[in-house]
Amino acid sequence: MSDATTDATLPKTAAAETPEGPWRVALRKLFRDRTAVGAIIVLVLIVLACCAAPLYAKYVSQSDPFQSNLDGSITLDGNSVDIMQADTAGLGLGVTPIGPTWHGQYFFGADNQGRDVAARMLYGGQNSLLISFFATVVTLVLAAIIGTIAGFIGGLTDTVLARLLDVLWAFPVYLLAISLSIVFISKGIQIGPFTIPSNSLILPIMIIGIVYVPYVARPIRGQVMSLTRSDFVLAARCLGVPSFRILVRDILPNVTTTLIVFAPLMMALNMLTESALSFLSIGVQPPNASWGTIILDGEDLLYTQPMVAIAPGLAIIITVLALNFLGDGVRDAFDPRAKLRVKKD
Amino acid sequence: MLLPILRRLAEMLFVMFGISVVVFGIFFATPGADPAARIAGRNATPEVLAQVRHSFGFDEPLPVQYVKVMEKLFISRDLTSFVNRGEKVIPAVVESTPVTLSLVFGAAVIWVVFAIIMGMIAAATRGGIPDRLLMFLGLVGISMPVFWVGSVANLITQSRFHHTFLFSWVPGLGYTPLTQNPGMWFKQLVIPWITLAILYIGLYGRVLRANLVEAYQEDFIRTARAKGLSERRIMVRHALRTSLITFVSMFGLDFGALVGGGALLTEVVFNLPGVGRLTYVALQSLDLPFIMATVMYSSFFVVVANAVVDIAYAWLDPRVRDAR
Amino acid sequence: MTLRRWLHSSALALIAASGLAAATAVTAQAADHMGGTLNLTGASAAGTIDPQINYTSQFWSVLFITNDGLVAFKHVSGESSNDVVPDLATAIPAPQDGGKTYVFTIRKGVKFSNGKDVTPDDVVATFQRIFKVSNPNAGSWYNVIVGADACLKTPATCTLAGGVVADDAANTVTFHLTQPDSEFFYKLATPFGDIVPADTAAKDLGTSPAPATGPYMITSYDPQKNMILKRNPYYKEWSKDAQPAGYVDTINYTFGPKPEDEVTAIENGQQDWMFDSPPSDRLPEMASKFPNSIHINPLFAIYYAPMNVNIAPFNNKDARLAVNYALNRKSAVNIYGGPRLAVPNCQVLPPGFPGYKAYCPYTKNPGSKWSAPDMVKAKALMKASGQIGQPVTVIADDQNVDPALGTYLVSVLNELGFKATLKVISANIQFTYIQNTKNNVQISISQWYQDYPAASDFINVLLSCGSFHPGSDASINISGFCDKGIDAEINKNLITAVTDQKAANAEWGKIDAELVDQAPWATMFTPKQLDFVSARLKNFTFSDQFHMIYSQVWVQ
Amino acid sequence: MPADLMTANPDGTLLDVRDLCVSFRSERGIIRILENVSFTVREREILSIVGESGSGKSMTSLAVMRLITDPNAIITGSITYKGRDLLKLSPKEMRALRGREIAMIFQDPMTAMTPVYTIGWQIEEQLRAHQNLSRRAARARAVELLGEMGVPAPAKAAGRFPHQLSGGLRQRAMIAMALSCNPSLLIADEPTTALDVTVQAQILELLLRLRTDFGSSVMLITHDMGVVATVSDRVMVMYSGIIAERGPKPDVLGGPTHPYTLGLLHSIPPMHGEKPHRLPSIPGSPPAPMGRPAGCPFQPRCEFRMDACASRPPLFRNGMQEASCWLAEKGMPDWAHERAIRAAGEAA
Amino acid sequence: MTIPSKPMLKAESLHKTFKVGSRFRAGGIQHLHALSDVSLEVYPGEIVGLVGESGCGKSTLGRCLLRLYDVDDGRITFKDRDITGLSQRELRPLRADMQMVFQDPYSSLNPRRRVGDLIAEPLRVHGKHSASDVQARLRELMELVNLSPDFLTRFPHEFSGGQRQRIGIARAIALSPSLIVADEPVSALDVSVQAQIVNLFMDLQEKLGLTYVFIAHDLSVVRQIATRTAVMYLGGIVELGETDRVLHRPAHPYTAALISAVPEPDPQGNIKARTILRGEPPSPTNPPSGCRFHTRCPVAEARCSAEVPLLRALGDNRSVACHFPLDGSAAAHA
C-alpha cells in the first residue's frame, strides 16, 4: 500500500486560476443577484437625480426652491397663472398654492411658500440621503467601537458598556431622538472652539446615529464575544499573537462583514427615522428641506394639494425599498446568518 | 429561585433609574426649558419670576430637584404638570393607557394573524411566486413611513373617498372609549389599526418566513417526515411551533415598546389621545413632570416586556428553561 | 399650548366692530332657544383654571361666563362690549383723592356656586390671593395698590393692609392706590380680578375650579380630554349687561384634535365651534360650502419681527431699515390667510387702537398706508450698512403660520444679502427663548395681543427700558430697545393719561411714529379673528374683549 | 444467529433498490450524487452501508424514505418495498408507510428531535399518526417502549425534553419512537457517531436485539468499520456515489475485493497485535460530487490504478462478494501479487 | 524507550472549574469541575496520549497545559520554568516553544485569511524571520506537511478536512516548538484521511524531535501513536502508564471497559465478549462522591463511594486511581 501522503489535489474549486478572497466572492455573489443589482441601479438613479437638483432647479423648474415665491406667477399653456391662488369665489378667504402642472415648472405644484415642490424634493433628497448615510456611518462606527471593546476586553468594561446599552435599549428610539432633537435644535452644540449650529445637518446625523447604536452594538458585542472564544482566535493566542493584532487581523475583518450587512438596512431605517423627526419638525430645519419636511409642508395642504405630501412619501418608499432589497442581497452575499432587530413605530 | 427574581428586579430598576437620569439631564440641558418664566406669565416682573422659581423649587440644586420630582412621582404620586398647572400626571397617564392599549392590541391582533398567514404561505411556497410576491409586499410595508401611511389613509377615508360607500362609515378622527360606544370605538380604530399593523405584518411575516425556512432545514423536520406526519402537521406543530420562539419574543418586545408609547406617530396622525401622543405633547411643551412620567411609564413597559419575553422564551423553549 | 392661545387676550375697541358681527337680537322667542349642549373644541387645553393665574384668551373666554369681578366688560356684541360696567359692585365708583381711592359697594344676594354669599371679605382675600399665588401681573398691574410692595417680597404673609379695606357693615371695599392709574378698572375687569371665596386655598387650583358666581360652572376638567360646564344652581341674573343668563344647558369643551380635524368635525356637525384658526388651505372650501358659518372680527394684535438692536447685524439701524423696506407685507398677509384675514401694518399699534395714527414710512410711497416693498431703497440701505453676507438666524415657533412667516422672512433676508437661516423652536419655549439675551437671538417672529385697550399695553410694555431685563427669560422688550429720550416721553405720558386720555392718546401716536423711525421691529400685519361655527349655532355674539360669548349663543 | 436467519429466509427480500440515481440541478449543471445504486435488504437482516463523508450513503437512506424534498432533485430507478415501488406511491401513501413500515433514526438525536416537545409526546405523536390510539393509550405505549429500550424510569423520562437527556438516552428514545409502530425496516443513519464508545456499545447491543425482539430489518449507515464488524450481516461499501463493494460481512471484511475497502480496513490502527510503523493510508481525499473523476471514481487515489480504470467498472461478482473494480473482473484479486507487479514496474 | 529523568512539562495537581448557567435564570450559576487534582509529566521526545470520553476534561487539560486557560489551582512547569502565573504577554515568547493543533480544522483557521498568511502569522509576530526568510520557511513547512506550496495563496474553505489539518499542523510547527499539544486532531476526519494525519504526526516527530501530548477519544489511534497513555474519567486521570501496558493489561475497570467497548473491524466478524458499562458518565457539575467511577463500576464496593482513590504507582511504570485494581496488584496494597 502506498505510503505517499502528499495531498496535491484540491477539491472543489481546484481549477480556479487565482483564488478569490471572501470579499470578491461576496461581491460576485451580490452582482449575480438580480434584485440587488436592480436596487443598486434604482439607488444610483436616485442619487444622480438628487445630485442634479441645481440643474433641475435652473433649467427645468426655473425657480429657486429656497426662496419664497408668494407673488409670482408662471405661464401655463399661454395663460399666466398665479402660484399662490387666492380664492375668488365665496368670501375670498385663503390662498391655495398651485397644484401639479405636469409641466417642467411646478411639476408637483407649489408648497405654501410658493416654492417648486419637485425641485425641493431633489434638494431634499440630497439631505435625506446625506443624513441617512452619515447617520449610518456614525451608528456603525460607534457600535463597532463599543461592541468590539465590550466584547473583546470583557470584564468590568463590558459590564459597564453593556449596562449603558441596556439603558439606551429600554429607551424608546423615538422618545430619545425627540428628546435629543428638541435640546440640540434649540441650542446647537458647542464643544470647545467648535460650534455646530442648530440648522446644521450634523445634528440630525448625530442624533439618529446615536440612538441606534445599541441596536447594532449589541449584536456586534455578541459576535466579537463568540469570535474571541472561537478556535481560530484561541489558535492565534496560542501562537503568541498579541491581542491588538488578533483584534485587527482576526476579529475586525469578521465584524466588518456584519457591518456591511447592517449598512443598507440601517440606512433604510435612518431614512425613515429622519423623515419621522422632520415630520415632527425636529429634523432638518427650514428653509433647508428633506423628504420628511416636505411631507410636513404637505400635511398642511393634505386635503387641498395632496401631491405635496404624497410625492416625497413615494420617494422615501422607493429609496427605502431599494435599500432594503439591497440589504437582503448584501446579507445573502456576505453573511446569510446576520440578523438585525430594530424596533420601529 | 428568589435570588434571580431579585436580581432581575434590581436590573429593571437600574435601567429605569438610568433612563430617568438621562431624561432629567436632557431636560435641564435645554435652553429656555426653565419653566419658571413660562409659569410666571408673559409680562412678569423679576420679583414674580423669582417667587415662582422659589415656590416650584427651581432654585435648588439639580440632584435635589431630581429627588423631589421622583418623590412626587412615585411616593406621594401627586406630581403635577408645569404647563397645565394642577393637572396630576399619574391620572393623565392612566387615562391615556386604555387608548394606547386599544390601538396596540387591535393592531397586534391584525399583524399577528396576517403575519402568520403570510409567513406560512411564503414558507410553504418558498422560491415560488406567492412567496416572492408576499415578501415584496412585506418589504413595501416595512419601507413606508407610518405617519405618511396614516396621512394618506386620512386623505382617502376622511376626504377624497369619504363620501363614497367605501368609507362613508369612517367617523371623524379621535377616540371613543370601548365602554362608552363599542361600535364607535371599533370604527375609529380600524384605520389606525391597519396603518400600524402594515409595518409589522411586513416585518413579522418576513421574519417568520425566514424562521420557518430555517426550521425546515432542521433535522427534526426530517424526523417528523420520517414519522409519516402530514405536511400540515409538520408545518404547524413542528416548524411553526419552534419558529414561534423568535416570533413571540419579538412580539413581546414590540408590544411592550408600543404600549409604552412607541406608537407615537400613529397616535399623533390619528389624533388618538394615547400615551405616545401624551409623551409627544409633553416633549414639545417641555413639560418635565409629564416627560418624566411618560418616559418612566414607557421604559417600565419596555423593561417589563424584556422580562416577560425572557419568561415566555423559557416557557416556549425548554432548552432555555433549564439554564443549560 | 399654542403661544397665541396664551397671549391672545382681548380687545377693548373704542370704534365699532366690523359690520360682519351680527347685532344681538334678543327677542321674545329667546326662551325657545334655551337648552341643549354646546360643543366647543380646541387642539389643547390652556392650563390651570385658577382665575388668578390663568393668562390665556382660551380660558378667559370660559372664565368670562363663570366668574365675576367687581366690574366687567359688557356681555354684548359690538362696540359696547368694550365698556366696563358694574358687576359684583353695585356701581362704578367715582375716583376720590385724585384717583387714588375707590370705594366699591358689593351687590347683595349674589351667591357663589357653593351657596355662600359674596362678601367684602371675599374681595379682600381675592386681591391678597393675586400676590399669594404669584399672579403673572402681580408686579406689573397690581403693584399700584398700597401694600403691594410687601406682598411682592413675601407673598405668603400678604395682607394688603391699607390697600384693600373691607367694611362689612357698609358692605363696601375700599381700594387705596399709590398713584392714580387710568387702567385700573380694566385690570379689575380681567379674570385676574374675579372674586373667589375667601377660603379658597392660596395655591394654584390647577384643574379644580374655584366656586364662582356666573351662570355656568365648571363641573369637570381634564386637560387631556375635556371640560364640562353646567348651569350654576345658585345663579340668578342680576345684571343683563354684566352677566346675562345663558341659553344652552351644558357646554362640552373637547381638547385634542388638530385644527384640520376640528374643521371637519364642525362641517359634519359634531362640534359647534373651534378655538384654533382653521388651516388656511381649508378656507376656500369652508367659505364656499358654509359661508354663513364664518364670522370675521377685528383683533387688536400685531405680528412682528423684533430685531435685537444690541448685537450684529441689527445693531446697525440701516440694516433694520433695509429689512423694513424689503418686507412684503402682502406676502405675509397671504401666508396668514389673505387680505380678508389680516391688514398690513408698519407700526407698533394696531389700527383702530387708542392712540393709533396711521404711519408707514417703509413702503413704495411712504405715508399712512403700506402699498408695496421698496427693494431699491432696501438694497441701497443694505449696502450702506455694510452688513451684506452677515449670518442671521431667524427664530420662529412651530405653531400655526409662524414657521411659514419665518421661512418667508429668511427668504427676504437672503434676498437682501444676509446669509439667513431659520430655527424653529417649540412654541412653548420660543417666547421665553427669544427674550433671554443669553441666547443671542438676532431676529425672531413674535406676536402681541393686547390685554386691554390702552396704548401703553403695546408701547410701554414692549419697548420701554423697564421691560428689558438682560439675561432673564422674562424680558418682554425682545429687541432690547432702550432709548432714554423716548422712555422719558412714555413715562410722562402715563401720568398724562390719568387725567387727559385724549391728549395722552395723541401723544402715544407721536411716540409710536418715533419708535417706528428707530425700527426696532419689522411689523408685518394685524390679524383678524375668524370664527367657524356649526350650522346649528345661532345668535353668534362676539365680544371684542372675550370673543364668542358661550352663554349667548344657542343651538336649538 | 444472523447467519441462520439469512439462510432460513433466502428469498425474503424486503427492500429491493434498483439503479437508484439521485442528482441535483444546480447553477453549475447537474450534480450526480448517487449513480446506479442497487441493493436489497432481506427480512430480519442487518445491512450496513459504509463509506466516508460524501460517499452518498446518507442520500441512499433518504431516497428510500423519499425524504429528499429539494425541488431540484432528480431521482430515478426503483425502490421496491414489499412489492411496491416507493417512487411511484402518492405522497399520502408514502406518508402512511413512513414511520409505520419503514422507520428511521438519525445521527444526532439532539437535533433530530423537536426541542420543544417531551420525548413522550413525540413518541405518542407517531403512534397516533398511524394507529387509532387514545392519548392515554399512546402515552402508556410510549412509556412501555422506552422501558423496552432500556431507558431507566421510563415514565419519568417520557416527560423529559430531548435536551434534558444524555446522548445515549436520547438515541434510545429515538429508537423507541422509530420502533413504536413495529416497522419492518429500520434505517439507522450513523446512529452512534455522536456517542461515546461506552455508550455506542450499548446502542449497538440494542440494535442487535431489535430483530429478535421486533423482527425488524435494519439498514445501518455508518462510516465506522468497527461498527460494521460488530453488528452487520451484510456490508455494502460506498465510494463517491457508487457501490464499491458488497457482500456478506465476513467475506468483505476478511477478504476485500476492492482496493478502497482494502485501504479503508488497513487505515484503521489495530487494537491488537503488531503495531505498524506507519499506518497504511489512502492518499488524497474523497472527491466532491462535482469533481468526481471520469471512469472509476477511486482511480486517482488507487495504488492499483491501471489503464482500464478510465472506464467505469461494473460490479463483478466473486462468490458472495461483488466489487466494482477491474481487478475483480477475473476473480478474487491477489493484492500482494498486484503490489509486487507495481513495485517491479517502478523499479524498472 | 528510555525515559529521560527530567520532564519537559510538569503539571502538578491542577484544578479547573468553569461557571455555567446564568445569574438570571433558574438554577443560577453552576460549577463544572473540569479538572480535579490532575498531575502529569511529559518527558522530552515522548508522545503522551490522553484518552477518555467526551466531557472527561482531556481537552481542558490540554489547554491548561499550554496556559490557554488559567488553572484555578496547581502548578505547571515548562522546561524548569514555572509558567502557572505568567501573564499572556509574558507567555508570548514561550509560545514559540509550545504549540497546539486543534480538533476542528474548520473553525481553527480564520476563513478570511490566506493559508500563507495564516502559517506566516507566528513567524511574523515572533519577528525571527525576514520577509524573504518567511517565504522560504513557508515553502519548507508546506513540504513538511506534504502540501503543495502553490496552496499558500488560497483560502481555507478551498481545502478538504485533511488538508486543513495539515495547514494547522504547519502553523503549529512553524516556530519549531519542542512541545505540541494535539487536541483530537484526527477525530473530525474521514478514516482514510485520519491515517495520513496520524502518519504525518509520527513523521514529524521523527524528523523534528517533537514531543506530543496527543488527545484522542479513539483508543486505536492512541495505541498507534502514543508511548504513554493517560486515561481520564470525569476530570481526573484514572490510569497512566506505557501505552501497551495500559491497553493490554488495564488495571482500572474503566480502562478495561473502554477497551472492551471499542468495536473492531475483526475480519472474522466475531462478536467478542464485551463488558458493556451501564449508563453514561455523570454530569461534571455534580460529580459522584468518592471514586467518580463507582456509579458505573462493575466491581465497585462500599468503600468506592466514600473514599477518593489516589493515583498510585503499580510498579510497572504505571499508576492507577482505583481501590481495587484489576490485575491483582491491588492485593499488594490491601
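All chains are identified by letter, namely A, B, C, D and E, in their written order; residue positions are counted from 1 within each chain.
Basically, a contact is a pair of C-beta atoms (placed from the backbone, for glycine too) under 8 Å apart; a residue touches a chain by one contact, two chains touch by 3 or more.
The chain lineup, named per UniProt: A, B = ABC transporter permease; C = ABC transporter substrate-binding protein; E = ABC transporter ATP-binding protein.
Here the structure is a predicted model, which means the values were calculated and not measured.
The chains that touch both subunit A and subunit C are B. The most distant chain from subunit C is D, comparing centres defined as mean Cα coordinates.
Ranking B-D and A-E by contacting C-beta pairs places A-E first. Nearest to the global CA centroid, when each chain is reduced to the mean of its CA atoms, is chain B. Inter-chain spacing, taken between the CA centroids of subunit A and subunit E, is 51 Å. Centre to centre, using the average C-alpha position, subunit B and subunit C are separated by 40 Å.
With centres taken as mean Cα positions, subunit D sits 93 Å from subunit C.
Residue positions 3, 5-8, 11-12, 14, 182, 186, 302-303 of subunit A each touch two or more of the other chains. Residue positions 160, 162-163, 196, 199 of subunit E each touch two or more of the other chains.
Counting partners per residue, subunit B has 11, 30-32, 284, 286, 322 as the residues that reach two or more other chains. Across the complex, subunit E is touched by residues 52-53, 152, 166-169, 196-202, 204-205, 223-230, 249-250, 253-255, 263-272, 275-276, 278-283, 285-286, 301 of subunit D.
Listing the residues of subunit C that touch subunit B in their complex gives 1, 6-7, 44-50, 53, 55, 134-140, 143, 152-153, 155, 204-208, 222-225, 256-258, 261, 264-265, 268, 270, 398, 425-433, 435-436, 438-439, 461, 467, 469, 472-474, 476.
Those residues of subunit B whose C-beta lies close enough to touch subunit D in the complex are 127, 218-220, 222-231, 233, 237-238, 241-242, 245, 316-319, 322. Note for the complex: subunit E touches subunit A at residues 63, 66, 68, 88-89, 91-96, 99-100, 102, 104, 107-114, 121-122, 125-126, 146-148, 151, 153-155, 158-160, 162-163, 166, 168, 171, 175, 196, 199-200. Across the interface of their complex, subunit B is touched by residues 62, 65, 67, 69, 71, 91, 95-100, 103-104, 106, 108, 111-117, 125-126, 129-130, 161, 163-164, 174, 177-178 of subunit D.
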